[in-house]
């Protein structure tokens, strides 16, 4: 089935709390017209391509102690051994040993490691995509220090090339590639939206300024579902009196290319932002409240660009923290207790752990930390594209219960985070469980409480 | 005792046992003697225990010696070194210690019998002695 | 020559009383760990028999085994050769030489054919027709075959005749072998040691004389009664081994305090012999008591167990060059493997 | 086995160590014209040594011989120590002296009574002796305690029972009744009694080796000192400490043994030698040998490096000329050389050349007859023994050589002992160059050494009392501390004569090892110039009374105290084909 | 050549050779694979510090994981510490290392080593039982896990028997022990036992990468 057909047969569902395809029961989890043998062949080739020294070190080091299971929300929620993080890499590991490890020649010659089969790959699709949010909590427990999340990310490349991506995730990614936004936020839609929001909220939202000091980006979730973020961003940047702009040639920071495993698509999406920022002559690129966007641009952007970026890259929370600490942003005291959910890609794996707390501190909010917080905070369960995949819902909801309990136990009045993907997952969970907690955006919270000049 | 001031004390054959404590073998030996003595009284079956083959400490020997004690008979035999034969406090239980010419112990036995074989005059020796005595008295008579 | 003279009669005539003979038998029985009553049976059997004819052949040897026998305290050599056995041929001790000696051997063989005990010390060279050791122009090999025919049993005294010993040590220039390598149709008892403890030689002879057969042997032909335990098991320094107290040199505090010699290469744990119990030279000492580790001399191939000062837990030799070659090979293999993988990856990159 | 060409063959020569064969050619009167001495056994111990740990070498070389059991051990550890410049503590030097000394006294006494005596003593004749007269004889020559008529009567009774029992054992087929036996029955009985006493005595004195070396035969040694630590603790040492055999009791036992040795030598050995010699004075004219003598020297007072402190000095005497003592240098390539012209070896430089032990090579090259054989071809090669030469001279080594050098150097005790002996027997000094001269020298030397042992013991005790209990130098123990190549020579005076081992060490392993031993010097065959070895020269001119009873040959050969296993060795530094055999 | 000579001679030599060959092969084979440069702006320049930090701190679990991993961690610690004590504290083993490297150090009392061996064996048995019964471990385990367990367990067990002279003649026990060590050495580079070397590389890699990002380690 051609890509357009898939999109037309299964158009995106935008009205639900989370984005996905319509009619998910009719699944289309294989893409393209490759034969089984070709799929295996392709998957193997692209697995092999990614086996550098770091990946090899990790794949050689596992001692099968099984501790990673104890860090993973999917395993902890289900107690199903197949959700043990390292087990999700079994075919990948098998491919490594057979094709690229130091003893590969022996493994091949004696057939000690069998070739990976298409059945295996199909079976593992659900493990590589459905049950891994790439949150990397397991990395923190592994006694060998193996970064399992990064390996799952690599494994998705081969799966993607073999056309073995879960239906919804593939569809979203494909649309992002085709339209520039997974959720249909084309430049035109974006510009219209900005114009409308500027009018509605009486706030200046500059788009496509030729020159600006700061280029700001948004995630399509925000554009389509949480447009208040655009307004909040504009309010704050205007409040700071910065020369900033959105760029219609690079505004969308989401990373379904990466999540689905399509490096090419990811590269294209990232380059758009980089070129736009350079075109504007900006010295700062602000990333939106989107976790994977942070990892993709902050830590991979320069590598995709092939050299150091000529501008700084900051997550919006980092930007807020800088300006809160230097006193540029002044807010009214919030006077409420709140708890903060650390988005994995920004906090645990991105290193921006203290930034949101600095911002909250500036807000005068009484922060009540959850029991396991900061770097070891539990994942929302929806990252890494999982929230789009319908068949993952049962385990995702189970995992979300851990999160709910954690938030409830904290006993704060408000729940805040700085990742729209988390926010979407929380909203969906709230809706599913009829929970009384609504996740707030850190950005919006700041914007709403700005002290009038 | 390991002092140089004692260098001129002549020490002959220090006991081979090095450790001082009890090995726990003495009880077993005493029980074995009891069994042998019972058998001897009931059936006349004699028996013996070879102490040399058992790992006994100095203290073990001391215990055995004081427990068994000295009885009425104490004999010395003088052939290729001396042999000591002592009846213990328990008639029928004999302690025999065999020394060689260099006064090392070559065998150390506890025998259960009315009289140890080695004390008896061998029949052939008696006959030969008789012949000798006859020769002697014959010679005397002839003189 | 009075052919029917018994040992008992002979002893009486020599002024040896029956009591002293009984005592001698008691000591032997105790040494052999026989049941105490066995002494009487032994005395009885011996006094009725002629002295056992023994023919002793010396091959590739150093005479240490015979010398050891002369140091025997219980029984003494005199007791043995005058009261227990008739040593009819023994080159080191016998009066006659040359033809007269050869004649003594032939006469003894004839008169006790099928009954004499053959003792052998020294290994037998088999290379090049046995030219490496001859007596009276006859190779050791031929002499052994000849003398084994009429023997009731053969006792290989010393490690050389038991297992080949030092002539057999690598590279074994003369093709030396043991008695049991050659003689397959007669009972052969090995009494190894370099040399063996004299009481052990004497004790095993006494057993044969008493019972007319060899005692129970272990899997390599040694009498179990003397070779059942390791030196280590019976060593007076064993408690220090258990405590982990070891002499590090021959003259440190541990050495002076009689600590375990394991680290100095003692082979006591793998050596089966009675040194630690019977001890040497009338019980005054044994190698470990005198500060040197056991060489393991009652074990086959003990000469080829690496240095005597190499502890048992270490490799026999430091083949560092082989290991180093392995390491370099490993590096090379690693480079090749990584190179192949990289090539594989680049190839895929180009395909794309 | 006499051949038409009047050849007397004695094989085996018994009452020696090892396998020796003598082939003597006689004239019609039974006088020996030419004798050939052949060693008939080889093991290849030096070849076995190659590639091994030099610290292990002593154990291997010690097994060259179980009779002179420790001398090769000593020579070997000294060779390694010489190569490594490895000093040993003073106590170790004293203990080694005591052990070598004990070996001398023990070995000489055993040789005299158990190996040599039956050449002079007719055992059967002793049955005819009167115990009372024997007792009187014994008491007239010595104050030895066991000299009562009852004692000799017991011995005689024992012997009688034994002989009448019909099983003669080791005495079977002896040359009893041969007119060569000259002793009266009483002297024979006394000697037989002492034969038994010496057996008991040697058992006891061998314990000295067991205390220091753990056992005898083959006591243990160690490069860098002695293995047995001195176990003398301060008062009140804890119960957890153990001991070695060298504790207070052990040291006391050593003292007892030295007393026993000296007593036996003074009261039995010396008197018996003189008494028996008195009946065989003609043997002070026979068996003269070659008149060249050599000693390497031994028993250092201050260590091997100071030869002036040796009890027995080194030197060579040529042609009986006691006025010149030539110095010996074991490292000089032109002094000590081995020849193989009549030995079953081959040299790459030609069979007639001589080689110094450092460059020595030996390829086994058997060219003798295929066994069984009746006769060797003594014009060609006929022995496994090589022919060592000092500056081309055949030399005799052993007690006679040592006593002569001591005598020539004016050693007081030696002069006194030799003088007394000659005076008692009414003989000139030249009587020493003979079969019995050799035997008497052995006896006198035993006394000199037994007396010296007391001094060494006293020095050892003095050191210990002064707090010096060091017996081992650990400095160069680890092979990693050694130079990559080293060579050295270790020497000692063995009971049978000058003994030296040459070693070349390479990368911590033995690269080449060569021993030239006393019996090689004495028992070697003729060299390429036809120059006879000492055995061969000593036998020449001997009149045989009865070729079937070659008592005369035995007397002279035994006077050298042969040790044939020692004499035969093999090595090959080139690593070429080691063994070639051509059997004719 | 008897069994002990074989074990102490060719077996150990070749096992050590295979050991070194395999280890270098594997490490070089891994480390020489491609590495891409990282152009992103580092949050912390001292990435090596992160490597050291993770190598050290990952030796015990973070507070948050402690409860869930307490048993497994303790078990691991018991047998690892036990193995270290046995390997480096027992006099004959020290001699082994000294013969190979020339380095020696004081030994621990033998009785303590025996006790430790007992505890270690018990812990290893529990480890095996756990691996066989715990669903996650059972799923993950393959031949390598069981064989590596076996080649670790065997030397300890045979060593204990040898020291106690139990079950056979000492030279046989010692030979079996040495052969089991040889087997361990031969298997070591090819199985998961390599983690004893890889643990530093793996932890160090993550530590360095994460420290650079300021991420949680």
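Letters A, B, C, D and E name the chains as they come in the text, with residue numbers starting at 1 for each one.
Here is the rule we use: a residue touches a chain if its C-beta (ideal position, glycine included) is under 8 Å from a C-beta of that chain, and two chains touch if they have at least 3 such contacts.
Treat the numbers as computed from the prediction; the structure is a model and nothing was measured.
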Set of chains whose contacts include both chain D and chain B: C
Target chain E, source chain A, minimum contact steps: 1
Given chain C and chain E, the chains that contact each of them: A
Top chain pair, ranked by number of contacting C-beta pairs: C-D
Centre distance in Å when chain D and chain E are each reduced to the mean of their C-alpha atoms: 59
Centre-to-centre distance between chain C and chain A (centres being mean Cα positions), rounded to whole Å: 80
Rounded Å distance between chain A and chain B, as computed from the means of their C-alpha atoms: 97
Sequence positions of chain C contacting 2 or more other chains: 12, 73, 236, 282, 306, 310, 333-334, 337-338, 341, 345
Residue numbers of chain A (touch at least two other chains): 51, 100-103
Numbers and ranges of chain E residues touching at least 2 other chains: 25-26, 28-34
Complex contacts: residues of chain D adjacent to chain C: 1, 9-19, 21, 40-45, 47-48, 52-53, 55-56, 59-60, 63-67, 69, 89, 110, 114-115, 118, 123, 154, 157-162, 164-175, 196, 199-200, 202-204, 206-207, 209-222, 224-233, 241-246, 250, 253, 364, 366, 368-375, 384, 469-474, 477, 548-550, 554, 565, 570, 578-579, 581, 583
Complex contact set, residues of chain A against chain E: 51-54, 56-58, 60-67, 69-71, 75, 79, 81-82, 84, 86-87, 100-103, 139-147, 298-303, 305-309, 312-313, 347-353, 372, 374-376
Residue ranges of chain C in contact with chain E within the complex: 230, 232-233, 241-244, 246, 262-263, 269-270, 272, 299-301, 304-306, 310-319, 322-331, 333-335, 337-339, 341-342, 345
Footprint of chain D on chain C - complex, ascending: 1-3, 5, 7, 9-16, 50-51, 53, 58-68, 70-73, 76-78, 81-82, 85-88, 90-104, 107-108, 125, 127-139, 142, 165-167, 169-174, 176, 194-195, 236-237, 239-240, 247, 249-252, 255-259, 275, 280-282, 284-292, 295, 303, 306-310
Residues of chain E that touch chain C when the two form their complex: 1-2, 4-5, 8-9, 12-14, 16-34, 91-93, 95-96, 98-100, 107-113, 165, 169-171, 174, 178
